[in-house]
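So, here's a batch of structures to check.
Look for chain A in each of the two complexes below; its partner is chain B in the first and chain C in the second.
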Partner chain A sequence: MKCSLLVRRAAPLVALTVVAATIAACGGGADGSAPAGAAGGPALSPAKPVRGGTIEYGHQQEPPCISGGWVEQAYISRQVFDSLVSQVKGGKIVPWLATSWKASKDQLTWTFKLKPNVKFSDGTPLDAAAIKTNFEYWLNPKTLNSTVADYVGEYYESSAALDATTFQLKLKKPYSPLLSALSQGYFGIHSPAGLKRGVDKECVDPIGSGAFVIQKWSRGQNVTFVRNPNYNSPPANAKHQGPAYVDKLVWKFLKEPAVRYGSLTSGQSQVIYDVPSVDWDEASKKYQVLRYLTPGRPQTLSLNVTRAPFDDVKVRQALAYALDRKNAVKSAFGGAAEYNGNGSLSQSTPDYDPALADAYTYNPDKAGQLLDAAGWTKKNGDGIRTKDGKPLKALVIYGAGSIINADGATLLQTLQEQAKQVGFDLELKPLTLTQLFGGQYSTPDTYQATPGYWTSPTAGVLYIVWRQNLKDRPNYNNSAFYNNPELEKTIEAANSTLDPAEQKALYFKAQKIISDEAVAIGLYTRTSSLAIDTSKLRDVWLEDSQGEPVFSDAYLVKQ
Partner chain B sequence: MSTVQPALSPGGLPGSRAVAAVAWERLRALRPGLTLAALALLFILVAAIAPSLLTSRSPTSIDLGATLQAPSAHHIFGTDQAGRDLYARVIHGTRQSLLIGLGATALSMSVAISLGFLAGLSGRFVDGAINRLLEVVFAFPVLLLALLFVTVFGASATTQIVAVGIGTAPGYARMVRGQVLAVRGSGYVEAASALGHSYPRIIRRHIFPNAMRPLVVVVTLGLGQSIVWASSLAFLGLGVAPPAPEWGALLDAGRGYVTKAWWLEVVPGLTIVAFALAVTTLGRYAQQRLEGANQR
Partner chain C sequence: MTGTVDIRVSTADAVPSRASRRSVTGTARRILFRLANAVGVLWAAATVTFFIQAVLPGDRATLILNQETGRAVKRTAAEVAPINRRFGFDDSLFAQYLHYIGGLTHGDLGTSYQLKQPVTTLIADQVGPTLLLTVTALVLAWAIALVLTIATAKRGRIRSALGSGFEVVAAGLPQYWLGVILLVVFAINLGWFPVEGGTGLSGLVLPALTLAIPLAGFLGQVTRDEFEKVLDQPFITSARARGMSDLDVRTKHALRHAVLPAITLSGWALGALFSGAVVAELVFARPGLGQVLVGAASARDIPLVSGVVMLVAGVYVVANLLVDLAYGIVDPRLKDGAS
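This part shows the complex of A and B:
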């Protein structure tokens, strides 16, 4: 969550991009493979495909730039970009721009063979040199994509174009999550000619080789994409090879849940994102509903260990026991998200430890005992526990609407009430996007707890979130400010291990440390959902690295 | 005796018409609108001062087994998405809403009176400077000014008060200045001056009370308006932090459920309307009475 320090250093627009990237990190930045299956909906009746036409899509929020390091940017920039590889269910990597790849024995040199004759929409060739330019651009402090840096920054040594279709990446140490990381939208390949125009232009009109080209961004309303007629580089897991079926894609920003769902029921959109929980049951009956439980860090409550009261592990554990998270999530979200008790990894992440889901089952008595043992024995007039005259109070800040949606806000209020039952006063403070990423709330003295996610297709995300926050190497994603050298070493070892069994054991160990220390309390899976009116539109899908909606295979139908 | 006959006759129409007319006259004399407004205001005041007299339920207690229930005998205004009783939330939200409205009105009046009197009583230079300042601030819509303020200082009840207070002050300040100028040029002030009264005494005894009288009405009207502004800010998510049951915040929270749970939107909305109407009705009445008193 705490990505904002970066922003202070950078020029405004760069800052925005960086911020967004950081948001991804804080909020949720990576991706992962998760079940992207139909959760419900009517059986498809036969219908006639129509060539051309316009897809009207209702999305829930507008990022500050189209491309960057926030998952919200990956969703939209995926329409414009292709990546080196794609990830399918179960974590398998399939070809995309790279038709094949090979790692050296020591896993330090990766050689990618590229699809020939691929061109960016500006007509320039997508070759190995272009990919090298992208890596250098992402990791250049002036044009930093902080999410790319979070993934590969500590591992990246150099890149080289061996010939037009052979790209080579050299690492400092082995990094087994590499291919999963590359499959995410943040690693979408930009046109080097486009990058030369500068960050301002790249923010609003990035140029890629993807199925769509940006025609116009009407801020606050929508982005209009038109079909790239020369598209020849879909991923291997696409439903068809070749250009998109439709002529146009209108990506509308409909922030209000009722308005968004209403645009589907009224026919103004054929497909919407983030189905509101209150409409979930109806949508599941009337429409095709796709649900993707995003892997990586789920929505978790990070507890700031540098300040009272969460500097005491007993108090952190007490809070975890005091909250009936399972029922609260069920009530707030219905089918729109799942409870995720493990605070380190989402249940759809490879190497997730399911045993930790029930590490802190609801037990208010135990919470009370722990608080007693921690010295919070007295209660004041409001029923709040006190110690040395000070009330047991914690400020919880959250990005309202951006990181935590309306259903998530309901959940936080429910948890607040449950905490009160054991004498724990949680004060909720909703922040606007500007406040959240502007830097006022990024330091340890500004809050005691904060919820956040980090979408990622790999357990390697643990390194991004829990790497120590040191003076010479700050980690803005470590929103609990929890510095544990043993934890960092364990995750580092896991990332560089080549043996899958050993790697799993190490990731499990890391999750156990985080759970035992109760530095992050698991809440729910960050969930991508689509409701599609299949009487008008077919074959929209959610890809598997982090649930980006894919429209290049979609077609309109006539009944 | 025979004169009462028509009224007793089976046809009886003229008589009952007369009775109805009398009843209507009496009812009009009672001024049902005014009575209703007074009753509504009384109810709202009780809710603000002693909410527990009107409901025994807590406005924040959660019942996950009873979410989004329609109004019923058990929950007369229904429940929200966390199973909280909406009636309890509206009642308990009254104090906060009222305090914000009162605070904002008080602040804007203090600013307006200070600036208005300063402008009206000072020389041309100060008057001009204050006027230009007011014109600049006046050029911004109230809500825009308030939004700017909340964005800079963060959302809380205090910023809501200050934002709305500062936002509405210029309008009142001009009104005060106009009154001061009018009273200053009146015959009785000239007379007092001719009689050799000191300037501070004239201000205290004549200008202040006479310039302030029409403002009493403006204040009552402004109170309703302030609550609407404050609710608007809360509706935009720039008000008190959840789960505080402020009216505008309730309206904001109900927005996402408007198609499935209308009561979450309609009840707080009607409450704000009812309060603003009641205050305005009483304000108008006071205005009429004061004008009548002036004429006499």
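This part shows the complex of A and C:
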């Protein structure tokens, strides 16, 4: 219970409103979940909380729209929106806009009881009808949120407002990760009156019921939020109920790592995102550092099974054995990322199988034997193995500066060198944002391997990533183009059961198939971090579903 | 074509003598030519930018969808259809081009694909800080170059060498590198200037220097050559013989001759600074067109990129017109020579 800490610190001195609000929060039985990941930095000394003031936050990337289906949009739209539920450590779901929920026996009907008297910042009521409007908006082809569709599109049947505070969701087939999926920022509830203004307006100035309201977006610079004075719908895991303590939040886009960190050290920001790896040690000593190991799909090298040489499972396994991934990750990232040997799920995902982390420990001899067995026995003048006169070559494409940052590129180069030792010729091809997102490197004939990740609070993401890519049901998220009906069925069964033990067994089985087939080689867990100058600002936290920074509980302190 | 009408009226009004009449029509023709030239440059800029971006590999609708979800996948026909319809990507390339140019003729630069706002609004919001930065940088560059030339050209071997040495080094400095060094030393370590987003005067100093120092080196090199030549001219000797002080000789006589080549360069420099501002704005996280342009280019946001490119082209055109005017002021002989 973090909130009790605040009371202790706050009680002797402070403005009554703060104390009252805090006590209300604790009295309400909030399940204050500690931010995910390790917290570092100096011990907190008692400080005087101040009501009001401005939080200056140095973020990194600027999304094209504030709301949408990208994690960068979830980060920022979280300040404006509330969701139905929130997820805490270990995958437990706690109330938010929904105070309780129930699934029917066949799991096809979900009924949510909503918090009464919640209003959007435009004054319109947040009721069951509003939530129905949101679901229909996300899944309407004209206003599609494709990430929402990836999660629930195949399952969604219809939604209905039974009364003002009872919302009902009907599914076509059972979907047990539903609540986890709903806890993500993509599922934040928009004001229907706001949605009526059209997608263009919604992109720039979405209206929600959250702790902050957008005041101004200066493109390329920052988004200024002001406090929503009527905020009455924080999640149960918030550190206090009621409106935010601060008046303003300035969300700055500082892409250059040196500028971002410099902004913190010079005092222009009290908190920054993504601590640069070169400054990691210093930051951990001087500031409070929150680290969030992103759950979902880790950074993984997908091997395209439709083309030589990775159409042969022996060659795929050989590559996995040939790479000393653990040490390569350590030397490339230092403390800024963790090695993640399991290629299916990251270590912070519920139902992650830790045993698979060591399925392919570094063993160049074994790699050589596998390649020999696969017929890649000869070597050419450059030390590259050959078979029928053809070299053992593979094109590895990666989004430079987007999917893979500078440290990640260093890692790929190290792996390239290691692969060469056993006779692989990996050609690395960095792609610009335009090339990457333009789709011309997204089809089976354009690459042999590619790294990628997918932020998700549930192992249910396996269905999105590994569902088969079929003619009538294409799935281009399956970047290994690996079609395995058994794997799909296993994940589908896991996504359908509410029995936790059975679900775990099925997810484990799916991870085992992916690991045995070596279609995805695990590299590292994507990590996001915040560094906070606690001499100025306290109680910023990262929520557990996606690592969205939460500022509604944060307060400035007198120095 | 209001320009034509105005000019005709003015030529008809003023017909005092054959000689001046010829000169007035000459001026009119020159202005007309200039205008046509400017329109031509803008049209070419718009056309080239449009086609380059339109024919680059990769599907534009896919790009828009993938950028919105941070994903690199192929999109199904059902997914791209609404986007294609909305932005007219289904039409033939030529039809899209005509539509775009048609919009331009009445001042409509279109709506950004990514940012969903009119391009004119986006540019209007951001152009102020960029203009301020580039003009400040140009003024600073001139100040540095002039002080350096006057203080060191032909002032003994060591001083001359120091001056021209500085110019050579400065002219070769990459802006990005220089910006980062200035940032780390003066903003982060010494704390003399704000690290990011400084909108006041103190926030302008380092970004302006980032652009001004390499340009000063360049302008200085050009001016120094000319300056040294002029100082050997007989009229300088006669001015000195009249008892004029060395500083007066340098600033009043020699400089006027020596700055002409650098003025010519300034037209180009203003345009170059405008595009170079991208770097300074990025490094110092300053408001301006830079960040918008980088984002738009990587998203192949044709209306927005074209809009910014046309603005830069416009700046070049205007800057070169100003340079022409400045010629006349610095060297009145050029005015007569024109007709």
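Everything that follows uses one rule, which is that the second predicted complex is superposed on the first by the 522 of 559 C-alpha atoms of A that agree within 3 Å, B and C clash if a C-alpha of one lies under 4 Å from a C-alpha of the other, contacts with A are read in each partner's own complex, and residues count from 1 in each chain.
Note that a residue touches a chain if its C-beta (ideal position, glycine included) is under 8 Å from a C-beta of that chain, and two chains touch if they have at least 3 such contacts.
Source: prediction; values computed, not measured.
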Partner chain in contact with A:205 - chain B first, chain C second, else both or neither: neither
Most chain A residues touched (candidates chain B, chain C): C
Chain B versus chain C as contact partner of A:331, first or second or both or neither: first
Which superposed partner A:428 touches (first chain B, second chain C, both, neither): first
Partner chain in contact with A:413 - chain B first, chain C second, else both or neither: first
Partner chain(s) touched by A:400 [first = chain B, second = chain C, both, neither]: first
Partner chain in contact with A:258 - chain B first, chain C second, else both or neither: both
Which superposed partner A:141 touches (first chain B, second chain C, both, neither): second
Contacts on chain A seen with chain B and repeated with chain C across the two complexes: 256, 258, 262, 432, 434-435
Sites on chain B touched by chain A in the complex: 60-62, 64, 67-68, 81-83, 151, 154-155, 237, 241-243, 255-261
Residues of chain A touching chain B in the complex: 256-258, 261-262, 276, 278-279, 327-328, 330-332, 400-401, 406-407, 409-410, 412-414, 416-418, 420, 427-430, 432, 434-435
List of chain C residues in touch with chain A within their complex: 56-60, 62-63, 65-76, 78-79, 81-82, 111, 114-117, 122, 125-126, 180, 183-184, 187-188, 191, 194-197, 281-285, 287-288, 290-292, 295, 297-300
Residues of chain A that touch chain C when the two form their complex: 58, 62, 64-65, 68-72, 141-142, 144, 146-147, 199-200, 203-204, 218-222, 252-256, 258-259, 262-263, 265-266, 268, 399, 402-403, 432-443, 452, 474, 476-477, 479
